[in-house]
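Next come two complexes, and both contain chain A; in the first it sits with chain B, in the second with chain C.
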Partner chain A sequence: MSAIAVPRRLIGDRWSAIVFAVLLTLLILLKGRFTAFDLRSLCVAALQLALIALGQYLIILTRGIDLSLGPIASVSGAVMAIVIAGNPALGLMLPVAFGLCAGLLNGVLVVGIGLPPIIVTLATMSIWQGAALMVLPDPGGSVPSFYQAFFIGGFSSPYIGLVSLLAWGGIVSWVLSTRFGLNLRAIGGDELAAEMSGVRVRGVKITAYTLGGLLAAIGGMYMAISMSSGSPTVGDGYILTSIAAVVVGGVPLVGGRGSPLAVVMGALILTITASLLFFAEVSSFYQSLIDGCILLLVAGSAGARDFIRGLVRK
Partner chain B sequence: MLRLSDIHKSYGATHAVRSVSLEAAPGTVLGLVGENGAGKSTLIKIVSGAIVADGGGIELDGQAVVPRSTRHALALGIASVFQELTLVRELSVEQNLFLTDPPVRPWLSIDRRRRRSVATEILARHDLDIAPDARVGDLPLGRQQMLEIIRAVERKPRVLLLDEASSALAATEVDWLAALLTKLRQQGSIILFISHRWDEIVRFCNRVAVLRNGELMAMAETDKLSEAEAVRLMTGQSGTDEAFPNKVAVHGDVALSARELRSDQLAGVSVDLRRGEILGLGGLVGQGQGHLLEAFFGAHGLSSGAILVGELPLDRPTPRRAIRAGLAYVPQERKTEGLLLLKSVGQNITLAILDRLRTLLGVIEPRDEADLIRKAIARAKVRTRGGGELVSNLSGGNQQKVLLEKWLLAKPSILLLNDVTRGVDVGTKRQIYEVIASIAREGVGVIWYSTDARELVGVAHRVLVMLGGRVSAELTGAEVTEDRIVHAAVMGSTPQAEVHA
Partner chain C sequence: MSLVDRQEDVKETSAPRRTPGLAAALPGLLILFSIGLIVFAERVAPGFASASNLMQLLKLASFLGLVALGQTVVMLVGGIDLSLAWVLTASAVLFTSICLGQDANLPLAAAAAIAIGVLSGLVNGFGIVKLRIAPIIMTLAMNNVMLGATLVYTGGNPGGGISPFIRAVATGSIAGIPWMVVLWAVVAFCAIVAIRYSRWGRRLLAVGENSRVSFLSGINNDAIVIGAYVFSGIMASVTGILFAAFSGASFLGMGDQFLLPAIAAVVLGGTSMFGGRGGYGGTVAAVFFATILSTVLVIGSISAGMRNVIFGVAVLAAVIAQKLLARGEDQSM
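Here is the complex of A and B:
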């Protein structure tokens, strides 16, 4: 039993970590080297996706979904790029405040009116896409390079990026370890039972959407920082990718389960796939196709994993 | 002192509760009895905050209170346990115990170690043998209900409402509840208790309130009210003693036979069922009875064993194959396994026979369908405004009848029933017994798992008592008595069998 128990435990709970390790090895083999610069690029790119995916994850835990997180990131990055050069304090606070308000709006619409989350956020997605273009019609604005050094490190320094990635995963892990986190899982497990047990279901759900908006806005700020400027459409690519990262991290969309670190791992996997394809000289046209296959593979492998476990148990 | 005065609640033209006033002093266990739709549940839901009354007032210890939600009621000192469990099945026992007020560390993270120790202490104090880290969904239904009860008790409420909260409890678990209620009474709590089992009312309650059609018919000391008198008050008719239909056994050929069924829950079960026979499955809750039924129906995987339906083998059963072979299964959790709550009564009734309805170019002939639905509603005496009403609007007993009719329409040759009378009132139970008996008289073989030994004694021709995934005793004819079923359920054999052994 113990002979199979060990690999089973390794594979069972660290499935996404193993996929990541395989992809990383492939990348290193392809490139022939893996420098501090490579690590930094990976971490910074993953960081942007991870933040939005972590926001998405909090919402998915309640059996919801949020399509507006990407555009929220666009608006927040655009606002930051416009304001921060003139007024640093406002440049940091305004995007954060915007994220909170946009998330709160989603939450209030979902909980208050009782519309399905996918409809509400489809509407707000469109609204924030439009707002981003109004704020910043063309890519522009500027974020002084000082912020880049401070928040994500210089070009050859991977540490700040890596630590930030882990730190944000840690912060969301902490959120989940509180009573709020437990209530979030309870709602995802059985909303009616949670309500009857005395959980403030409406409040918890609104908070989840608000925190989702906040995390997305911070993700948008990282985007503006790493580009040193804003772009009104930069977040669009994250609308569905953020959901994909949650799934690739092994969180079932039915809600209630999963861990934030797994979501960070999911973001890393999707990010490394992109660079892998680049170095394998695969046309970027295939990127989306291959992302889809990876999604199926990882989501399907959870099923395969349970199947294998079943066989082993027999 | 809990005082309800002149409580009113109506749904459309139906008066669910009409001008009910009653009092309960500290140390009272007040039983609420009445048929389905008599207003017991509505009344308790008003006190629990789940619904708000149209008129009237609630006074607790001299203060007027208006519970707006279950959470608000909890804050007022009113805790409730309903038949429908409110535990989150995905979460662990300890997570459920401390869902709203877990012990936290200074940085707000939940203090897991303390939660574990407090949960362990609570479970031990209440004599509940479950692990604090077990997933609630993995526990047997009886244990889940016990956990739900102690979670309510641990909130130290002034008023505890138990609405069919003992419906899933096995005999020993009912003893446990009796001890718990006695302790609470001595501490001066006020308890309102709804049960369909008169023996539980007699055992637990010192006062009893009888409701009929939303009105309070009588309030009395329990020992001053005889069972016959209570039934008369509940039904408005003088008590008819013969609650069970005639046991006419016309046994035909073997309809179903199973050999050595094994799975993670079944340890080698063999069963033979004849046409026209009502075979009861008894025993403590969670001894594999439900799994056995599910195994026949293909909803519970078997590791080995063989099933024959008539002469034909039923290999690797799936629900679809089982239905084709003539089996029908009425599950225990009607809301999650049996009925589409957001569909109409009619749609639910014809769901299982859609492919047998007459069609015109693939479109179901509506008159044909309506006709079938009307007949089914009439046969089972379903109390509904018609086939178009949503199933979720019906009371529990009536939902159960819809579910039963759904499968009877499919004209099965074998009917599998999983505790179908759980939480159903006396009148409806009687109607369900009649339906089961008449189906058997038509030559259908019935396997019926029930947690209520009395109804097995009343209706079944033969009873298999299960313990730990095996058949521990087989009782036929005059051997089918409540004593023997209970004895075999607990001891694993009948007194007689021990003598022979």
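Here is the complex of A and C:
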């Protein structure tokens, strides 16, 4: 298994990096220049998607799925925007604690009770969407500009955004290199085999859901920081896009494969297509059409190759 | 309740090693809960349980009920259809833009709209069966493609209009019973019977239960699965046409409100997400329950946020109840 998985994983990584490089080159050619401001916008937008997608990725490694990550981000951003101006420490800690609890709840319901992940997270999605509206009925609250300068950099300083993006990819890579990460991959590869070799499958899976909730909450905090305020619905757009980013990063939905950096690439690819359309003077209406096609291309390429081979052989 | 009993019979014949037990009673429980809610609402707001109001509720439920039929069939073969939201919207938009408010254009407009459902279902099925794309990804991508195509086609402003005939079907009634309720009842009856007793229904369940065994028994798995997605696409298109007629116009995003409630209704109705067990009767009960619950919450002037929370908790409570009732059985959920 691992003998096959490793080369595939490397190709998967390179594939998404190559596509991103091509898209970036196209963008620079179309625009004629690529300023620090452009780099910052790209990194900050991709960072928000990447964090939620990294959380999704940990859960997909357990062969699960989480539809509640977007709304978890909404609640965490809303709480942060309300609290942080009055009490900075609480404003940073409360969203983090919420993310951990929300993730743990999903984990307990899916793993502890043994319910299908899609229906559990569909229900918790509805609960957190509602909670976000109750916490913050209309977009509002405020996050002092100091946090923006500190966490994602000012409008002309691109490096903090870029470094944060790579750092979060690195942190998740590190998590996966620990004993926990190894067990997580083992479970994704073959749950029964992992259990037989002494992996505490339930504990590892619950931890994956908890960390997923945490990463989503941190993504929501970045959203609040970059908007300088909270919005109760900001995370809804990430519910399905986070799954798309994982897939575009070349991670298959079954099996413990893929890498966090590839997921970051997936987030960058889905983010850059928006700017690309803008500068190619193509209507933004084409955005989801193109995202859908990219998704199909990535997810279907291996199957299409086999299908065509099958036809030729006939 | 007799529907539930019959469901047990079929399960025994198709999968004798499983005893349906109490889990099969869940749709019945949902109906009981719904009746309880109606009684409660009648006390809070007298007139709620009147025949005409209940008919209005059923009319509202019929749209979700029709979409959820497609989702039921797809889930019976172990799949999921996330594309129905924008297949529904795209069909409705195309329908109004061709129909232009004229009954004369109705056949062409309806055919074009349903063609969208057929086409998207074919592509979904092909991708899932032949290219081995995970159903959730394939239909998510299709949803994006339909969303983009609708935006590009309309330029952001859906136009046209619905014709008097289809408007009458979606909003009118006969002898106090809305046409939509009549239509839904007929469709539901046919679907329940077809899924349980027809050759097609048994094949659906067989493929969902164990695709290898069904293949070895001579069933054309690929055709059954592709057919399920085509059916789901058609149901989304038909609902799109009717819902546009009900609303008086097509509008962007009109399908989104159906996507997740449809999935919830199918699962609450007792259809396994892994295929092979369940039917439309349970889905109908869950659609009733969801519609009555949300109406009662609106009447009780509960805030939108609290409504979402209650809906989520209700779904959780129902699946946990389902799980507990099924404990001890050989249950794949």
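By our rule, the second predicted complex is superposed on the first by the 286 of 314 C-alpha atoms of A that agree within 3 Å, B and C clash if a C-alpha of one lies under 4 Å from a C-alpha of the other, contacts with A are read in each partner's own complex, and residues count from 1 in each chain.
As a working rule, a residue touches a chain if its C-beta (ideal position, glycine included) is under 8 Å from a C-beta of that chain, and two chains touch if they have at least 3 such contacts.
Keep in mind that this is a model prediction, so the values were computed, not measured.
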Chain B versus chain C as contact partner of A:146, first or second or both or neither: neither
Contacts of A:193 with chain B and chain C, given as first, second, both or neither: first
When both partners are placed on the shared chain, which of chain B and chain C touches more of chain A: C
Partner chain(s) touched by A:286 [first = chain B, second = chain C, both, neither]: second
First, second, both or neither for A:116, with chain B first and chain C second: second
Contacts of A:177 with chain B and chain C, given as first, second, both or neither: first
Residue ranges of chain A touching chain B (in the complex, touch as defined): 174, 177-179, 181-183, 185-186, 188-190, 192-200, 256-257, 314
Partner chain A, residues of chain C touching it in the complex: 80, 82, 127, 130-134, 136-138, 140-145, 147-149, 151-152, 155-156, 260, 263-264, 267, 273-274, 303-313, 315-316, 319-320, 323, 333
Parts of chain B lying in touch with chain A, wherever the complex brings them together: 50, 70-71, 74, 82, 85-91, 95-96, 98-102, 104, 107-110, 151, 303
Residues of chain A defined as touching chain C within the complex: 65, 109, 113-116, 118-120, 122-134, 137, 232, 240, 243-244, 247, 253-254, 283, 285-293, 295-296, 299-300, 302-304, 306-307
